[in-house]
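Paired with chain B in one complex and with chain C in the other, chain A is shared by the two complexes that follow.
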Partner chain A sequence: MSKGKLHGYCVYFIIAMFGAIGTVWSQAPPSFDANYEPPRTPSGQPDLQGVWSNAILTPFERPEEFGDQAFLTEEQANAYQEQRRQQTFRGDRTVDVETDVSHAYNDFWWDWGTELARTRRTSLIIDPPDGRLPALTPQAQRRREARIARRAEHPADGPEDRLLRERCIIWDGNNDSGGGPPMMPSAYNNNFQIVQTEDYVLLLKEMVHETRVVPLDGRPHLHDSVRQWLGSSRGRWEGDTLVIETKNFTDKTYYQGASEHMQLTERFTRVADDVLLYEFTVNDPQAFMRPWTAQIPTVKLDGMIYEFACHETNRGMVGLLSGARAEEAAAREAAGN
Partner chain B sequence: MLRNQCVALLSLLALAWNSQVSSQTVVEEIPRTAEGTPRLDGIWQALSEANWDIRPHAAGHALLPELGTFTAIHPGLGIVEGGALPYQEWAAARQQENFANRLELDPEGKCFMPGVPRATYMPFPFQILQTPDLVMIAYQYANAVRTIHMNDPGPAPNNSWMGWSVGRWEGDTLVVNVTDMSEQTWFDRAGNFHSEALRVVERYTVLSPNHLLYEATIEDPDVFTRPWSISLPLYRRVEENIELMEFKCVEFVEEKIYGHLRKQSDE
Partner chain C sequence: MRTIILVLAAQIALLIAAPLGAHHSFLAEFDPDQPIQLRGTLTKIELINPHSWFHIDVVGSNGEVESWAIEAGTPNTLFRKGINKNTLPVGIEIIVDGYRAKNGTNTASGRDITFPDGRQLYLEGSAPPAPE
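Our next item is the complex of A and B:
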């Protein structure tokens, strides 16, 4: 088990494990009812409120096996879904106790999703058409290499060397995806809540209780000199779609390699009673050779968000740093000091 | 002085309204939702020294002499009804220890979620979003957030830092029962504390379009000899384009919390 992959703080308040999402997707058509009328708030806005899950088996980038195929056939989707379920299944406890304990969580804790996107898309990325992240600019590539080199040389000198999620600052998706917004799924608790008033939309991501209260009144973004971990978000309605534009990011996040100049456009459209289509476009000419867009059909959950007190109980960081110091001490001893 | 007179005036006004002397005018003056309940929506902030000490207190030295007036204690009239807190004997001693060791112990200094009621009178704005089913409060400090359930969701599954809040309207006042809180939060920087048995009943009353009266009754039989109450006004932040800005303070406390575990340069 890699250090830091399975840290302990997530066990707090993960009673919010909404395991059974429903199994209606397998026969669902690849697109949504264009005539669907969303429920509305008293002020006439589409009602997007509630708790939604972005857990999904569809991979972020299109696997090579699907070539230039953007959509799966129903038969392919069934087979691939089953394959992905097997890949992510952690319920098999027919291992010795040591292995079992070292793997820490069983399937109850993980939240990889149980279904592919109802659209049968082969990847969450829908643009570029190849379903793959565009190439990084040379500048962004250098930045990434420097970061990887730094991490190899200084894996745990101090807390700042660790991933943002291990520091309980931002839950940055799987692997080293470097931040958010956007709201990407990760290994567990892939839930977010929307609360609407006429003038604001509140987005609460369960992980690290990341909260954005987004004004809808057309005000300008924060002054360019003000940089925030979650950026500066402004929202508006385009027809029945909620559009949120976010900029003013810091240089401390690097979502998929993005720079502080990233401009993020998120679109939320309720396309069915139980589906909120979440689409986001990353535009950052300093980091990517072209803009790109991903789409996640998020699914309504019948439950609530519970408090995720990550930092308050971050024993994981103490363990990571103590472990690194112990390894260094052991290495010094072995070297004969 | 002016500020404190204002507090007193507002409290008097609230009393007057509570006794329905001018209920007719209130109905016309305060903003209301489509359902007829007062609108609490907005960005609010306490203008109070209560976060230094909820009791009446004089000015005092900063945490470290080299800080000069930075973190020197701001004097305040206090927000506790009657002034003193009814501590059990052991608890009074514990509060003094807490105060002496506040640099190390105060959860605020570690960027921990502040709990209720402290979140209300910390020197940061917070935003209320009101819907018929729930009232969300987003606090600028530590990106803390809490849901007030207007339909009873049943018992809390566990303790939490911001507690388990169930609200109801009593006339024009939002009354919130807050239970199941972590015992690790404090009431202020003075080390006033509670146990896991803490129960808070909050009352939010609209005094004017730009003022709320915040009252809370605190009950904790494991620490105090009787329930006690606080009250203070909350002010609407009326600046153009006011918004909650980010105070994700983890990075400010990493040295404080983990500094001793850093790799030493000579190793």
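Our next item is the complex of A and C:
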């Protein structure tokens, strides 16, 4: 190779390198201002009060197609966000009929949020680094299989066979994802309100009116024998971050497969006037092969929280139980013919 | 770029196929084999939890009036989108596309609600923008 040719290759290489660095630079994920000073309450605590929304299009787990990519590029994020808006919010009926019934309503009735987190993360889960739930332990897997088998065998004998949210007890999800805390978004009512005093923090989640009164005075947790739907929560300040530890869950909530021994650590940090960063870590060696952490940048909602008096007129429960009886009657009639 | 879009399309297909998180299971309550379209006069709106209900009177093929109850979304979402009893007055005519209840009563899910002039109860989500 001639010296001139080599020199030419070097120039191309340097230009290519700068180009690559420049591309990475321009696609660096947005971050929050580390020097942000939150407003404070009269007692000097960071003021987290107000109504916050955790509606977000970012998926809980990183889609496998994104591989080891923790952040989307701006171009990918725009495309992904637009696709999800178009495909999930337009009432698309080019799906099989069962999926259409699962949708049940068009987007007028839903409120999933309209944007990905501007951090451009590919998942709400930030640890493990692959953005996916750790494997269940064998015993947690057995519990899950037993729940699913029980549900298949007794889908709607009575109200207690149904999901906790259908019974208006707490919010839980489909696919055996169980109920919180933590405070996860869903199809609508993705809002929660925080009220502070010097010694307490009060959390009200709009969906299924889940309320927690969290002491900050260092008192111990409830006795282990006292188990509660929402657990026993105790809070403290770590710098400007509110940390809430929750335990004493029941075996009826199984968040993502967790056991009643789940220890939940939630962290609330106001990182901008309109952003409250919500992070939570699930630590449950009886259920997960390792602890895991998720992050939702929640957004200040310019509006009030509304009552969700779920028991008020829960006709859905009557409809689905009577639907099950009608199906059984039809099956008996078919068998008799 | 084409690959990215294909990948995204595949993910979205999966997302759509997954059951969505409403208050209760629609498949348990409504019958996929009974899609239904009803045209009738709005007689009552119940903005109640966990789901709102629209009641309409429908004139059947035999000329008799049948009363139907249409399940709709949570009142909180409707309020935030500017819908209340004044914006949907009793006496207007609406068209409902949905699925009939499995229990055989005059009950249906209200997937799409359309006014005679073609306007639909159908808007973008109302959540605030995601943060930095």
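The working rule: the second predicted complex is superposed on the first by the 288 of 337 C-alpha atoms of A that agree within 3 Å, B and C clash if a C-alpha of one lies under 4 Å from a C-alpha of the other, contacts with A are read in each partner's own complex, and residues count from 1 in each chain.
Note that in this section a contact is a pair of C-beta atoms (placed from the backbone, for glycine too) under 8 Å apart; a residue touches a chain by one contact, two chains touch by 3 or more.
What you see is a predicted model; the values in this text were computed from it and never measured.
Colleague: Would chain B and chain C fit next to each other on chain A once aligned, or clash?
Modeller: Overlaying the two structures gives chain B and chain C room side by side.
Colleague: Have a look at where A:309 lands relative to chain B and chain C in the superposition and call it first, second, both or neither.
Modeller: Touch status of A:309: both partners.
Colleague: Could you say whether A:317 touches chain B, chain C, both of them, or neither, answering first, second, both or neither?
Modeller: So A:317 meets both chain B and chain C here.
Colleague: Is A:51 contacted by the first partner chain B, the second partner chain C, both or neither?
Modeller: Once the two structures are laid over each other on A, A:51 reaches no partner at all.
Colleague: Have a look and say if chain B or chain C is in touch with more residues of chain A.
Modeller: C
Colleague: For A:244 in the superposed arrangement: first (chain B), second (chain C), both or neither?
Modeller: In the superposition, A:244 touches no partner, neither chain B nor chain C.
Colleague: Could you look at A:325 and tell me whether it touches chain B, chain C, both or neither (first, second, both, neither)?
Modeller: In the superposition, A:325 touches chain B and chain C alike.
Colleague: So in the superposed three-chain picture, is A:63 touching just chain B, just chain C, both, or none of them (first/second/both/neither)?
Modeller: second
Colleague: Is A:215 touching anything from chain B or chain C once the two structures are fitted on A? First, second, both or neither.
Modeller: first
Colleague: Is A:168 touching anything from chain B or chain C once the two structures are fitted on A? First, second, both or neither.
Modeller: A:168 contacts both chain B and chain C.
Colleague: Chain B to chain C: minimum CA distance in the overlay, Å?
Modeller: 7
Colleague: Hey, what residues of chain A end up touching chain B and chain C alike?
Modeller: Of chain A, residues 156, 168, 306-307, 309, 311-312, 317, 322, 324-325 contact chain B in one complex and chain C in the other.
Colleague: Inside the complex, what are the residues of chain B that reach chain A?
Modeller: 34, 41, 111-113, 127, 129-131, 134, 136, 138, 143-147, 153, 157-158, 160-162, 182, 184, 241, 243-246, 248, 250-251, 254, 258, 261-263, 267
Colleague: Can you list the residues on chain C that touch chain A in the complex?
Modeller: 1, 4-5, 7-12, 15-33, 35, 46, 48-51, 53, 71-81, 98-99, 101-105, 107, 109-113, 120-132
Colleague: Over in the complex, which chain A residues touch chain C? Could you list them?
Modeller: 30-32, 53, 55-59, 63, 65, 75-76, 79-80, 83-85, 87-89, 91-92, 95, 97-119, 155-156, 162-163, 165-166, 168, 173-175, 186-190, 206, 271-272, 274-275, 297-303, 306-317, 319-320, 322-327
Colleague: Can you tell me which positions in chain A touch chain B when the two form their complex?
Modeller: 13, 15, 42, 49, 154, 156-160, 167-169, 195-197, 199-200, 202, 204, 208-211, 213, 215, 219-220, 222, 226, 228-230, 304-307, 309, 311-312, 317-318, 321-322, 324-325, 328, 332
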